[in-house]
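In the two assemblies presented below, subunit A is common to both, partnered first by subunit B and then by subunit C.
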Partner chain A sequence: MSQTLKPETAEHLLEVLKWAVAEKSSLDVRGNGTKQGFGRPMRTTHTLDLSGLSGIKVYEPHELFMTAYSGTPVADIEAALRQNNQQMAFEPADLGPLLGMAEGTGTIGGVIACNLAGPRRIQAGAARDHFLGFNAVSGRGEVFKSGGTVVKNVTGFDLSKLIAGSFGTLAVMTEATFKVLPAAEKTRTVLALGLTDTRAMKAMSQALGSANDVSGAAHLPAAQAARSGVSYVSGAGQAVTAVRVEGPGPSVEHRCQAIRGLWADKGAQLEELHSQNSAALWKEIRDVRLLDAAEGKQVWRVSVPPMEGAGVGGELLGASGGEVFYDWGGGLIWLAHDGCPDANHDQVRAAVAKAGGHATLIRADADVRGLVPVFEPQPGPLGDITRRVKQGFDPEGVLNPGRMVEGV
Partner chain B sequence: MTTKAAHINDDLIEALRGIVGDRLSLAEAVREQHGRDESYHDAFPPDVVVYPETTDEVSDIVKLCAARDVPVIPYGTGTSLEGHVAALKGGVCIDLMRLDRIISVNPEDMDVTVEAGVTRKKLNEDLRDTGLFFPIDPGADASIGGMTATRASGTNAVRYGTMRENVLAMTVVMADGRIIRTSRRARKSSAGYDLTRLFVGSEGTLGVITEITLRLYGIPEAVSSAVCSFPDLEAAIETVISTIHAGVPVARIELLDDVQMDAINKYSKMDFPVLPTLFFEFHGSKNGVVEQVETVEALATDVGASDFQWAVKQEDRNRLWQARHDSLYACMALKPGSKGMATDVCVPISRLAECILETRKDIEETGLLAPIVGHVGDGNFHVILLIDTEDKDDLEICKAFNERLVMRALAMDGTCTGEHGIGYGKMDFLVAEHGEAVSVMRAVKMALDPQNIMNPGKIVRV
Partner chain C sequence: MQMPQPDADVIARRAEIIKAMQGIISGEGVIADTDELRAYDHDGLMAYKGLPLVVVLPETTEQVSDILKYCHDNNVKIVPRGAGTGLSGGALPLADAITLGLGKFKKILEIDFDNRTVITQPGVTNLALTQAVEHEGFYYAPDPSSQIACSIGGNVAENAGGVHCLKYGLTTNNVLGIEMVLMSGEVVRFGGKHLDSGGYDLLGVANGSEGLLGVITEVTVRILRKPETARALLVGFPSNESAGDCVAAIISAGIIPGGMEMMDKPAIHATEDFVHAGYPLDVQALLIVELDGPEAEVEHLIERVDGIANQTGATYLKISQSDAEREVFWSGRKNAFPAVGRISPDYLCMDGTIPRHRLADVLKRVEELSQKYNLRVANVFHAGDGNLHPLILFDANQPGELENAENFGADILRYCVEVGGVLTGEHGVGIEKRDLMGEMFTEDDMNHQQRLKCAFDPAGLLNPGKVYPTLHRCAELGRMYVHHGKLPFPDIPRF
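After this line comes the complex of A and B, so read on.
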């Protein structure tokens, strides 16, 4: 009979995993379950609920790192950081609402396992770049740790990077150590109104390539901009290209000025958002709140080289009849379209392949995710390596079997 | 020891010639040079050195070796420091320096794809006209392939990160000779396990890296370097810590102790005060740099620093940083005929002062001539031990010193190696530091190289 196992300690978790290995039972590994709709649907014997492994273990703001148990809600971590004017610089996205769950309930383990990063990714890196080390139990039922609390460390294979983005298929983390950094004193956003997608990609590239240390670059076509809760953006009545600048006050003002200068010849109206409006806009972008995500809509996340963004975006629109917006300077495209049994899989993959990118089906009903590869399929040898790595960590297929690839 | 080398015979050499023609060497001097890095570790020459020019040739060579169970040792510029390139079991050394093309520069996407044998300086020379640069600068002019394989970092990791953060994708010849592309130019999100990062730092033990796509950065609008001497080590480290905590995005912050400064003065013909010293570099917009400089100068003056010397002109800056990069050679010149053993611990920066001071004391008590230099912004520092390799006692004394240093760092929650890697020199420290994780690493090695032909005897024992 299927059970939900909810260990409260690392020792208890180890026992659970040893038992599962011995019984050859498979486990659906989850934090608070906000992302259970992300990945392929699984048929597992039991559920392993990690929300009992919760709490901040070590946080000394001066050390610029935090160690937290893997089931700790991100909201708790962010609250503790805010008190010390710090943040997780990779800006973890909260995809809960997009996936039909409550806001603010995702866990740190889930963020790392799914390698979720927000708009600041282009400047500060992904979740895995901030992930310094962990304690875990492998699918063999063995405890191990990797990395540590220092930022530079070249002790053998980089297991932290392998675990980040492995969707709980290799090992179950009990605690994670990650960098925390000072939050910026001031944030501003420069907006250009009315650029076409192609011209927007150029403008963003120009800003990103300049010395102005841009920490976010997104382009919202008119219909998506209109959904924003920030009146300057929704009221623009046209497409909005946004570039974020953060840092100490005078420097931020100077850099905004410099970006306006760079964009002066674009023939576009330029605006500026101050701290609060900036925060609101980048949160909407981060959490993908600017697409029509009504029930039944399917959502893809597409990564391409940034300068291919507009071209691929156009093709995706033509093929799916949906809507898009762009983050990461054009390198990240969010696509939503009406639900259909194949999620427009072939068209999406074809458009992305030409540009040398990859696509992930983030939201669709379980039956669709069972039929359509959710992650970018891996050709021959890459697929073999994936299988062999999985085999090395989890020979019995105990942990989230088939969540990423069928049969793995 | 050389069970596998037995498979090396005329027949294999002929087959290799069939792939690379006369780009192959059996000469003793060449083999000797390829079995040795720049450290004190003993050399283990490979049986043969081949110089392929394409990924396909590398693939054919590896296929041949896999079929015959012969070890394969990838080789870049041979500047690693823990016996990484030693052919412990003989075998075929693949020298990658003829894969030296810059394949494509994409200025708008700010990335570049190069072959493994391009060196970091050559890359930056080629990029000059694009307004972009690649920041990672280990002291040696290493190959991008070698830097990727050792997960190298340099003097500006605080701002730009290490190879780990800056490799976007690569082409790898796996242990069975098949060619894979680990990801694409697009920023990786979720297309399976992160094999790119797994190969970064794999020290040639998982496959041969033949092409690498790197992230580039805009050449900053303004750059300014400074040298500042401090009354003592504590004051210098205090300044480092307060700079990092103030969130100043300093590009470089390097500590050199008085012994090191003396060595640099002599070797690079400079006349810095012989005191603990910080080298700084600031990158950004004109105003941004001025702001950073003012903040740091104030922090340094607070703890008693004297005479900030500025270098704004490019040639002055280059001279300064070349002197810093040559510090290992400067040290060796203090004791002619010696070899350098560079320790490489990294500790949380709050423990850095404590760790360096205890180490300084240990140096004095042990009676060593050992300069200290470090990328202190990330808690990483090197003690350069000058070893007379002919003198066995000397080597033992230095090894014991290093062991005490590593244990001190581990007790402070640090690591035995911040950038040089494991090679065969630090395998026991890896076990001390990571325990059970080593068996997980072994599982990874077995998954990717079940025959154990890729650079055997490094990182983990199989």
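After this line comes the complex of A and C, so read on.
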């Protein structure tokens, strides 16, 4: 009979995994389950609920790291960091609402397992870049660790990179250590109104290629901008291109001026958002709140070279209809279209293949996700390596079998 | 240092192997003459030497693929080699292995300012990469001190660092894609000009894999726009403790400097004698703190760091007034290794990383060990990210002194691990720290790492004898020991 196992210590977890290996059971590994709809649907014997492994274990603000148990809610971590004016600089997206779950309930283990990031990806990196080390139990039922608490560490293979983005298919973390950094004193956003997608890519590229240390660059076509809760954005009545700068006050002012100068010849109206409004807009962008993701819509996340963004976006719209918006200077495209049995995956993959990149079907009904490859297919030797890695870490297929690829 | 026993069968087949290599690479790309092989008998870890079976210098990915496929089919080992500047012996040749040099992969293939990327062959030097884009005001951020000579392929293999890591990341955070030839001869691509991966992050694990997973034949990096301005403070302290306090206070104030370097008294004196950077000689510790960014930001932060330095007991403080003066501040630190080389016939450079707040404690232990082993030591320290480089001075011509110095170094690294740090921050494990891996990792930790190796190179032909003290066969690592039984913790909550 299917059970939900909820270990409360690392020892419990080890015993559960040893037992599952011996019983040849498979486990649906989850934190708070906010991203259960992300990935291929699985048929598992039992559920492994990690929300009992919760709490901040070590937080040393002056050493710029935190160690937390894998089931710790991100909200708890962010609250502790705020008290010391620090943050997870990679700005992990909260995909809960997009996936039909509650806001603010994800865990740190989930953030790392899905290698989440936010608009600051272009400047500060993703979860993979901030994930310093872990303790885990592999699908072999063996405890192992990798990395440490320091930023500079090349001792042995960097297994943190392997675990980040492996969707719980290789090992179950008991605790994770990640970098924390000072939160910026000030944040401001420069807006350009009415640019076409193509001109917006160029404008963002200019800003990102300038010395103004841009920490976010997004382009919202008119329909998406109109959904913003920030009145300057929703009231624009046209497309909005947004570029964010953060840092000490005088520096932020200086850089906003510089970006306005860079964009002076665009013939576009320029606006500025300050602290609250700026933060609100980037949270909407981060959490994909500006797409029409009504029930029945399917949502893709597409990563391409930034300057290819508008071209690929146009092709996607031509092939599947729906709507898009752009983050990461054009390098990240969010696409939502009406649901269909194949999620238009052939068209999506063809458009991405031409530009170079990858596409992930973030949201669709389980039966669609069971038929269509959710993650970018890994052909030939890449697929072979993937299977051999899985074989090495989880030979019996105990952990989230088939979550990413059939048979892995 | 025990290396794996050379395979006599492979050595006996040397002539046949050379002929096969000449069939793949024509002309001077196959080096078999003993005198010429000597140029490849060591890397930056000079204490260890050995002649390779043969050296091959391919020029194309296809040739690399053919070489690896031949070696795979004929059970011949491969030692990949970039510029040979690595400090941990990762490119140390093996008597029964082909050393595969990437020195002829010297072209920059594409510069794309709009996407802020460069695609390059792996033999291009780190500095050449920056030089290729600086006319447009761009640069490649990771800057190991060997940047004039070290190659970008080697940087990826070692996940090289530099003085700007705290703010701009290591190699792994700045590489977007690679082309790699697997031991089977198959050519794969991880990443590209886009971000992140649609599957497992194999690009991430290739970074810092020390030539054990594949041979890198192309690299895509991100480039950054040079900051508008940079200024540095040179700050002297009466003790290592107060310098350490200053570092901690700067970080605690929410400031992430572009670079933050520290030297102890012996290092200050050695470098000052060598380059005359104008360092104060009456201080115990010296910090260089560089702030970069827009003029307004740098001004603002310089003032704040100035205040913090005074509060933490600085006895000497100078702020650079020009780029030239800033370069002078750096000249001593950047020449620390050769400066120490001048005052001692030989030196060993250690590379542990420690939690920043344990610095004074670790330096005290280094001093005690210096007395115990009766060897001098000078310390330079990437204070921002906790990466410590004690330089152990010795004379290899004195019998037993190399061994003594190595034992001293090993004791330092053990202490780094004991205080919560790691064995190597940026130089790699190679052979140098191989036998210390057990100080940091359990058998199971290392076995899981080696299972990754097995996914790439099941026959274990790539760079054997490096990084891991015990070589397990992949079949043995794959075996499962399953204990059947009931769930022994009946109290685990279940629903």
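One rule holds for everything that comes next: the second predicted complex is superposed on the first by the 408 of 408 C-alpha atoms of A that agree within 3 Å, B and C clash if a C-alpha of one lies under 4 Å from a C-alpha of the other, contacts with A are read in each partner's own complex, and residues count from 1 in each chain.
Basically, a contact is a pair of C-beta atoms (placed from the backbone, for glycine too) under 8 Å apart; a residue touches a chain by one contact, two chains touch by 3 or more.
Keep in mind that this is a model prediction, so the values were computed, not measured.
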Clash-or-fit label for the pair subunit B, subunit C on subunit A: clash
Touching partner for A:Glu8 - first (subunit B), second (subunit C), both, neither: second
Partner chain in contact with A:Cys114 - subunit B first, subunit C second, else both or neither: first
Contacts of A:Pro182 with subunit B and subunit C, given as first, second, both or neither: both
Touching partner for A:Glu396 - first (subunit B), second (subunit C), both, neither: second
Which superposed partner A:Ser215 touches (first subunit B, second subunit C, both, neither): neither
Partner chain in contact with A:Val16 - subunit B first, subunit C second, else both or neither: second
Comparing the two partners subunit B and subunit C, which touches a greater set of residues in subunit A: C
Subunit B versus subunit C as contact partner of A:Val150, first or second or both or neither: both
On subunit A, positions contacted by subunit B and by subunit C: 60, 62-64, 115, 121-122, 125-126, 128-129, 138, 142-146, 148-159, 161-162, 164-166, 181-182, 202, 205, 208-213, 247-248, 250-251, 254-255, 258, 303-307, 328, 331-332, 355-358, 360, 375-376, 378, 380-382, 385-386, 388-389, 391-393, 404-405
Interfacial residue positions of subunit C with respect to subunit A in the complex: 112-117, 137-138, 158-159, 161, 165-166, 169-170, 172-173, 182, 184, 186-188, 190, 192-205, 207-209, 212, 225-228, 248, 251-252, 254-256, 293-297, 299-301, 353-357, 382, 385-387, 420-429, 433, 437, 440-442, 444-449, 451-456, 458, 467-468, 477-478, 480, 482-489, 492-495
Touching residues (chain side subunit A, partner subunit B) in the complex: 60, 62-65, 114-115, 121-122, 125-126, 128-129, 138, 142-146, 148-159, 161-162, 164-167, 170, 181-182, 202, 205, 208-213, 247-248, 250-251, 254-255, 258, 301, 303-307, 328, 331-332, 355-358, 360, 375-376, 378, 380-382, 385-386, 388-389, 391-393, 404-405
Contact set on subunit B toward subunit A in their complex: 106-111, 131-132, 150-151, 153, 157, 161-162, 164-165, 174, 178-195, 197-198, 200-202, 206, 218-222, 244-247, 249, 283-285, 287-288, 291, 346-350, 375, 378-380, 413-422, 426, 429-430, 433-441, 443-448, 459-460
Complex contact set, residues of subunit A against subunit C: 3-8, 11-12, 15-16, 18-19, 21-22, 52, 60-64, 85-86, 115, 117, 121-122, 125-126, 128-129, 138, 140-146, 148-162, 164-166, 181-183, 185, 202, 205, 208-213, 247-248, 250-251, 253-255, 258, 303-307, 328, 331-332, 355-360, 375-378, 380-382, 385-386, 388-389, 391-393, 395-396, 404-405
